[in-house]
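Think of it as A, B, C, D and E in the order they're written, each chain with its own count starting at 1.
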């Protein structure tokens, strides 16, 4: 398309990649955390719950700064990962990490709500039929909470598409590596007359995210139909 | 009388002190709102209740001036600043004639403001172009949304080198100035001020900014005071 | 000892303290609403952990608070038909039915899918979602699901309550097969005297979290003093051998030399069967009756007469075939001048020994 | 015309196309699992909107597709006892019970809370959460909740299926009271012949979404050719007048001149009552039997003999008290040489007309 | 306390006020929206759904900019409101509006999930007992979705406590009026040596939000116990 420069296209592609990775990578941990918070009693439950919500409570810049301190090349975790050949700082992977962390509370809350809505009587029934905890989860709980997982994922994805503060603070803005759509939009808004360019990118971002949203709705409907009322 | 001053966030420390003195010496009360110059300028153009605007660059002040949003002829350049190359590792000061930025950088990153929108980034890129060093490092520039973030990257050692204002470099002992940029390598760095409302207090405040007392405070924080 | 339960447990205001040992076969838990039947069943399933006690099936210990054994639910190898169907809403009927089989170790004894679908009349419903089933259909799927798990212990909580009579009549024989041929230990909750008489090897009558009475079905049901779920439950159980199949569709049984006639039984000649004769279905006659449509007459001696609070009395008659109970009015007792030691005849209509009341012994 | 239903509807693979008009009283929907009883009840409640048709109670039109009337559920002034209890989990038992009363217009006829709690034995459960109840307890609360809404139309979908016999015996008379004294129109789903015989003013037998047969309980149940839920349902219904109460606890009835004896009935002398005599509880005798414990003998003439596929036959006997059905073996038919026109005696044990089978006429 | 200046205390108080108002003011509309999305079929359902998610998808600066365009004194809605005596721009009410809008998608999603988990059979039962739609909602649906409402509110509150980008863009950073905790933190981070001051404010913000979080958990537990499994 002519009305987007190559650099802008790159930002679109990168934002999609970052958001998708952030969402999918956060999924397993998000699900585990949601399950633990919904179903398990353990010391430190409240602390875990608080920790999960932290990125929501803190201004994004602060989150970004904390990420930099922790996962930067000199940070305690970052340096370890670096030795293992994984670099997050100034890479798109770091942007994905920031997006994942910012979306994490949204993802976990949605999943947790749907786990809490599952009738334990169905899980018991599965156990009497020989399903171990693991299989009960895979065959009963998981299918029943799919709408919640979907809702959580779409929230996280949307958040990832819009995340700016934490990302630019943590991985800054390197075209092709970490210049996501929101960074590009922000840059345009910083100069007088940049509004129309920003608008173009905003429209793209909205189209992409809305597409994902509508898709998720259709999926959720289909699931709901299948799951119905037992 | 009560006035509201919209000021670029990078002026916070110095301006807090200056306005404290102003409040003591006059019977005016000052409210300061710090944010990015772009946000403030837009808000003013949308009718924000600001009496005075201090911008971190000329473009946004010009934008307001073109809209007729500032009191005619009240605009003046209050402060100047200098752009410097800083490093995380202590290193002796160097001169640009024998400094190969690309080589010093190795595979590290050069932290600076967004080169198309954050003033320090714009100036920095311009300077490097003048010095003929932009091309060799362009892909290694880590751009941040404000200059303080660039400073933080160098201070934490995430980026070995960065381009910031002298005022920022001076305030953080974790960074070392490698080389100041010659003034003729970029547009002059100016912090323009202007009156938005035609109140007496606003006029008084602008006048006070130019006073020797205020100048001393600004200079103490590393700013260059631009006389009229 | 097939099923052995001895537990104490507190649930809300109810204190459970019960123990019973049941031999091989089907054990019926019997008792009024709220007496604790579901709770005991849940304890055997592992869904309720008793405060203390021991539960064992055959030689497998499922729970023992002293030995700190508490087998997880999924390792108890159960099939459980719950009081409410509890179908998995995320699966079709077919998927619900085969759910257990993927976890079960291969078992050639396990019932075949097609046979179960046929018996329960589920053929047309296989692709349905559980939400699209009627109440009775759900319950049938739940029964099928439990059976197809190939369990080593079957728990059933009022499995037939939602079903109509013809369907019950189709399913009851299958529980007999499980009990007799596959030797599956079964714990079965029921309010129905018919089901108890037909299926129970052992009856455990519960009251308020305690065992009110245990014993063989014959003992408990023929005890005229024990009628926890109403007078209709009183009745005797006789054992007999299949003597002949007649061309007019009747099967002749031999109960210790006395011929008894029943609608055709699907058992080979020589097979042992168990009959329930409800006390209220018996008429007594001083002389051997003639010209009656009832074909079965058992001569006997009155052993006991128990007059209840009402106008009725339950008479216990010792016959060559075993004890028979008769519930008649006290007016008839005096009109016929019946007393302990009197000889008389018990008249039972052929068909009043209804199909559902006959089981393999 | 108390309840009038004429609807067509498609649900999944089932095509509903049925119409019936029932007079004042209790209408029983009868039929096999999946025949559509719940669906019809839901249509009357407004939970299912039929594709077309008309539903009216007394002179209130609830639904009329032609007139585009479709009264919202909450304006239909119902009480509905669902097949599954559907208690509100956010309320205590007491709150569940009184839920409907806050929406109902004041009605001095409405049943009293304490009376219902007493009858259903809910006193000890009032502060409980629904999740802490047993299956039968839930169902009792559901019944109480529907009754206490002071409905103008009562729908009950197998309300007693989960209950034990003594509890059923306590609740059944109450439905009679609703039917007879409060003149409440009732639509009642049941599989139980006993309940049908005792309660039904009208029986609507369903099959696969259609009405297989309607009529008075007497008509439908005494029709030997119609036994949709098994042979045990066949039986006749007689009307009689209370003649005397005897000191030995028996009540004597007068059925068109024939004396019948029953355990004490709680009805004044002169009251009309309705008796059900199950076909399988009747013994036939050529001569008037002597020396039998059975007190009730009805002389009659054989009107019809229907041999089924099996060894049994159902004989329809015309007696002065009305039609009586007897189910006996074909062997007995030939042994006693019975044919249409033969006069003989129907022998019915007193107590075989069980309490649950007697209702006010 | 000595270690916080009056201005900082003001920021804490303001943030609390803004967040609480944002949460409570958004509640009724959030509930209505969630209910509509969960239960009603109407044209434009997908569009409403998209609109609700918009603040999540857009970089906060853009949202702030759009708010400024719409609700500013010169904006179409803002000027109307202004004439009616309601000014949002550069007032704490505007900050509350920004926070409410940013938290809206989180609130709606959580509520919607819990509405979808309510068994319509219970609502039908209530209707047969004479409860109109309204009363069914008040007596059955609402109590059953309270955990979801709580979850949604706490998410929105936490988000409001951390919201920065949209707020500072829309209503600027005026102490006592619009300087919320995150704005104050931002300002500190913009000047040399401001980190320690920022840290103090971050700690306060975390304490407040965590307190709200723990409180909501306790409440939710109590509700869950009451609601149980029917």
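In this text, contacts are C-beta pairs under 8 Å (C-beta built on N, C-alpha and C of every residue); 3 or more make two chains touch, one makes a residue touch a chain.
Computed from a predicted model, the values in this text were never measured in an experiment.
**Q** Show me the overlap between the contact partners of chain A and those of chain E.
**A** Per touch definition, common to chain A and chain E: B.
**Q** Note down the smallest number of touching-chain steps it takes to go from chain A to chain B.
**A** 1
**Q** Would you kindly say which chain has the C-alpha centre located farthest from the C-alpha centre of chain A?
**A** Max centre-to-centre separation from chain A belongs to D.
**Q** Centroid from C-alpha atoms only, then distance chain C to chain D, rounded to Å. What do you get?
**A** Centres of chain C and chain D (C-alpha means) sit 26 Å apart.
**Q** Please tell me the distance, in whole Å, between the geometric centres of chain B and chain E computed from their C-alpha atoms.
**A** 35
**Q** Between chain C and chain E, what distance separates the C-alpha centroids? Give it in angstrom.
**A** Roughly 60 Å, centre to centre.
**Q** Name the residues of chain C that each touch 2 or more other chains.
**A** 84, 132
**Q** Any chance you could list the residues of chain B touching two or more other chains?
**A** None at all.
**Q** Where in chain A do residues touch two or more other chains at once?
**A** Those would be 65, 121, 186, 189, 229.
**Q** Touching pairs of chains, all of them, please.
**A** Chain pairs that touch: A-B, A-C, A-E, B-E, C-D, D-E.
**Q** Where on chain E does chain A make contact in their complex?
**A** Of all residues in chain E, those touching chain A are 46, 49-50, 53-54, 56-62, 65, 105-106, 109-110, 112-114, 116-117, 119-121, 147-148, 151, 155, 158-159, 161-165, 181-182, 185-186, 189, 198, 202, 205-206, 209-210, 213-214, 217, 224, 229.
**Q** Which residues of chain B touch chain A in their complex?
**A** 36, 38, 41, 59-60, 62-63, 109, 111, 114, 116-118, 139, 141-145, 149-150, 152-153, 156-158
**Q** Could you list, by residue number, the parts of chain E that touch chain B in their complex?
**A** Listed in rising order, the residues are 61, 64-65, 68-69, 72-75, 89-90, 168-169, 172-179, 183, 186-194.
**Q** Could you pull out which chain C residues touch chain A in their complex?
**A** Within the complex, chain C contacts chain A at residues 45-47, 72-74, 76-80, 82, 84, 86-91, 99-100, 103-104, 129-132, 145-146, 149, 155.
**Q** Could you list, by residue number, the parts of chain A that touch chain C in their complex?
**A** Going by the criterion above, the answer is residues 121-122, 124-133, 135-136, 139-140, 143-144, 226-230.
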